[in-house]
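Given below, in the form of structure tokens, are the structures.
In what comes next, subunit A is part of two complexes: it sits with subunit B in the first one and with subunit C in the second one.
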Partner chain A sequence: MESILVARERSRQGLLRLDPRTKLSILFTSNIMVLLSPGLPYEILMAALILLLGLLCGVYRYSIKMTIVYFFLVAGQILGTLYFDDVLRVFLVTFVVFLRKIFPCAMLGGILIATTRVNEFMAAMHKLRMPRSIVIPLAVTLRYFPGVIEEWRHIRDSMNLRGLSTSFWGFLKSPIKTAEYVYVPMLFSAAKIADELSAAAVTRGIDNPKIRTCVQQLGFTAADGLCAGCFMVLLMSALWN
Partner chain B sequence: MASPNHSLQSKDLITTGIFSTLFFIVTMVSGMFFAANPVLTFLMPIVVALFTGPVYLLMVAKVPKRGPTIILGIIMGLLMFVTGMFWLWSVAYVLLGIIAGEISAAGKFKSVKLNTLGFTIFSLNPITAYMMIWIDQQSFKEYLMSKGTQQAYLDSMFQAAQDWILPGMIAGTIVAALIGAFIGNKLLKKHFERAGVV
Partner chain C sequence: MITIENVSFSYQDAEADGIQNVSLHMEKGECLLLCGRSGCGKSTLTRLINGLVPHFYSGTLAGSVRVAGMDITQVPMHVIGEKVGSVFQNPRSQFFNVDTDSEIVFGLENLAFPVDEIRRRFEQTTRDLKLEKILGRSIFKLSGGEKQKIAFASVYALSPDVYVLDEPSSNLDVHAIAELSELLKMLKHQGKTIVIAEHRLYYLKDIVDRIVYLEKGRIAGEYTGTDFLEMSSSTRASKGLRAMDLMGIQLPAVKAQPRTPVLEIRDVTLNYDKTIIMKDIQITASYGDIIGVIGKNGAGKSTFSQTLCGLHKEFSGFFLWNGSPMSPKQRLKLSYMVKQDVNYQLFAASVEEECSLGSNNPDEGKIEEVLKGMSLYEYRQRHPMSLSGGQKQRTAVAVSQLCNKKIIIFDEPTSGLDFGSMVEVSKLMEELAAAGKVIFVVTHDYELITKVCNRMICFADGKVKDNLVVGTETARRLQDFFTLSESKKIDE
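Right, the complex of A and B next:
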């Protein structure tokens, strides 16, 4: 998840700049593709397309890292199916397949989040006439993901400094204590961040009843059509089969 | 618009968003390990109910209004749908979010008992997906297969699904939710009310 943050800073260097609405439609198309997928080669093709999209959008490190993980998942599935006996196959291979199935969409989601700034997302949602009470929490939810991971690292560090175990075994030994040590700072910081973020948002005029404007001009370009088209063609080819 | 105390302010929406993230991550971290295994998967709702209690209760305490539980339900439903879960589960998230909000509203969001009851009912959301195993196994199987679940996974899952598991799962989830809410309420009293966060 850290790589998303890194990617976010570099996001403007990419060749492609897509409209957030195009991104949503691509994500939706991909979800349907996973649903309709005729088989493994198709999904590898799909992952390759997503990798290409990630690279074109300028999300280099994250895309390549995720592709390597995907490669190992596919390899794990193929080797596992060949060499494991039945019991192991049910428990391990199904787990790998489960991950592999949702992996391309997760990768795509990461790329899209990394290249979309919150104001663009809000403006696009506004254009789609989504109600405010859904858009704001959703934007905050997507934006706060890396924050939770970072928060968890801090908590783990300070627990280790005080000689408290953060391992799975340590959790089993004293579950309630460990849960309290993790939950209380986590919830405290969440509550604090919520207060600070709302103060910042109100200062920036989130409550302004006028029609929302955005410095970033939103509009569909040829690139949008091309990307959405590529994913559409792939989806159609699944339907054709 | 209703009076300002009842309608959702930007601050409430942002707080809800932050806690929805936490709720989703806690659900994933505690549930993923179980959900990926065809036999342990039946324990998933129980574990999730146990761990999400404090997050849910703090959210209700921070935003004592009708909206947050519904928004939480919608966001969870959306994220679950995007990650390829059974669609009825997403619907259940939203519906149970509405019901939980109404239950808490009956106690003006201050009643520990009613909030606990609301959370317990909200926690039953994964059951709706599992219920399909007993109600309409064939179409559920076809749906999961089309979503790419493996034949072997389904076979061992349906094999493990004895008749007593559904009531057991419901009872277990209720007990776990009560324990989770109990711990959550204790944490709220011990730390958050004293520090004035709530």
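Right, the complex of A and C next:
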């Protein structure tokens, strides 16, 4: 009898299932690419590749949304350079260029977090012989982010009830105050969650020195080679120039 | 199975209360309930058994703790974890994974069980705990009760001999508590040893063999289940304990009802993501009303309170105040919600600053008056986060007073509170009501409703199912809801 666990595992994601190690190597390569980038067309090509990866991994909505934002950033940079006067250009265009530069890597990061389970990540890290003191905090971080939205909603509601503005304009009017209002409760709740989360993990043997098993089969397939290869080729082409 | 001898422990940071000279012996298959006021040391005692003390929380420990043949202080956590399973209070923060399936096998993977064995245990656990419906889901899409079930499953998969539960029912609704109770019965039937620290006692009535009462870190009494049930309600209250037999609670006679209708909710339909959550809501409320809002998780209680205070805007119908309709924006000005997790509501660096936050010319005199009324004046220089849970709640209420809010909604104000703290919260509500506020309390706490509410509204099947005056005459209807005879009817 086939396990339910396995059956659902197959239907879980898009066409492509990559090993977490491959994903990390892709993220690493992309970061170097941004550093070495010869110009805008190159970076657009890179963003397109990341979009393709996102779609193949089954992260449709997020990838498309992020691509649209990226498109606007690129458009903003080009139009800004053409039509703004010097002062505005320095301020706005520089800011937009900065955002646009780091954007593809952030998008890639989002795709990777969405497609990697915490346990896969931990098993892969252990296979890479990473020490526990690095793997566990990283895993907790990976686990923490999806929950931040929930926290933010609570804080936003409370701020609205107090007549503290949570809109974009409110933020522009008093950025430091607004940031502080969000930051204080968020920090305290993060500290509490981290503490409770660790206690719960420790009682379930997370500090076991043996290499942990993983229900999901980890291992490299042709797809891993192909994806890592594509990004590598793009990186090499930057070096070539 | 468990032998604790002359154990004293004090925490290093001295923030939480330790225990002094505690000895306890438990046989295999026994179910023990630890109870007592907040801070009596019952959580510490559970931590001694699952090894979190001294391995995770450090401090000074004297005496010996032996569980399932292990000396807890000498054996590493991952070895203890195989024999002792722990379930905690907050279902949100005990998940290490983001999806249910990985969470169930998390412990097994940590302890490096072979993959085939993990699969076998996964299937066994799903079958035994009837989890089929909630498999393969993101934990962010689960209700509190479902989350607690997965947390349980993750421990169950390890098949430990001893289960340690620290206030497992705090965040659960009546139905989830009933399921938890069934689960515990099953474990007991399997011959597992169970230790539970709890404030809420009623659901354990038929499960516990022995009850240990703690006071200021010492064991101050041991009872059998029957002894405990026979305890008079005044003795129980003086020990700061919740009722074990809900049906034994005497309801007050119907109080004089406030008769100045001021809020009218007319023909309101609530939507969430374009689906209808509730239809045809008609409620009127007067100054001085304290209205209990009950219903299953997902019955629409939170959407209702969010809409009432103007935070949620997907609705149709009217909210009238003194006869004139209010927009969400106006309602936001007029109402305030004290959240279950009040930590999200305090922003400033001191209680005093918290009170003047967002106002351009704060009225010093009024702040002083309100803080004195809430007995917070002496803490006015303290950081809100350094206060106790009850003080934080009062700070939030003080803020609502200063903003001149008229409608105050309490969301589960007594979850995880002992008897004394619950009485404090109900006094606070009575004071607010006397000061002419309209109060709604969303709660699963039967004792609180009988204590403080003059009216009660029950949400079920997408509508207001009951709208009652609380008192001896309506006791039956109320009891039906909490003993679930009502819900069984609904489910069928």
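Convention: the second predicted complex is superposed on the first by the 199 of 241 C-alpha atoms of A that agree within 3 Å, B and C clash if a C-alpha of one lies under 4 Å from a C-alpha of the other, contacts with A are read in each partner's own complex, and residues count from 1 in each chain.
Keep in mind that, in the parts below, contacts are C-beta pairs under 8 Å (C-beta built on N, C-alpha and C of every residue); 3 or more make two chains touch, one makes a residue touch a chain.
Quick caveat, the model's predicted, so the values are computed rather than measured.
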Partner chain(s) touched by A:132 [first = subunit B, second = subunit C, both, neither]: first
Which superposed partner A:59 touches (first subunit B, second subunit C, both, neither): neither
Partner chain(s) touched by A:205 [first = subunit B, second = subunit C, both, neither]: second
Which superposed partner A:106 touches (first subunit B, second subunit C, both, neither): first
Which superposed partner A:33 touches (first subunit B, second subunit C, both, neither): neither
Which superposed partner A:98 touches (first subunit B, second subunit C, both, neither): first
Subunit B versus subunit C as contact partner of A:160, first or second or both or neither: second
Subunit A positions touched by subunit B in one structure and by subunit C in the second: 139-140, 147, 180, 184, 188, 192-193, 197-198, 201-202, 206-207
Contact set on subunit A toward subunit C in their complex: 3-6, 8, 12, 117-119, 123, 139-140, 143, 146-147, 150-151, 154-155, 157-164, 180-181, 184-185, 188-189, 192-193, 196-215
Residue numbers on subunit A that touch subunit B, as the complex places them: 27, 31, 34-37, 86, 89-91, 93-95, 97-99, 101-102, 105-106, 109, 132-134, 136-141, 144-145, 147-148, 176, 179-180, 183-184, 186-188, 190-195, 197-198, 201-202, 206-207
Residues on subunit B engaged by subunit A in the complex (per definition of touch): 8-11, 13-22, 24-25, 36-38, 51, 54-55, 58, 62, 67, 71, 74-75, 78, 82-84, 146-150, 152-153, 156, 183, 187, 191-192, 195, 197
Interface residues, subunit C side, partner subunit A - complex: 50-52, 55-56, 76-78, 80-82, 84-86, 88, 90, 92-99, 101-102, 105-115, 118-119, 122-123, 126, 135-136, 138, 140, 151, 154-155, 158, 306, 309, 311, 332-333, 335-337, 339, 341, 343-348, 357-358, 385, 399, 403
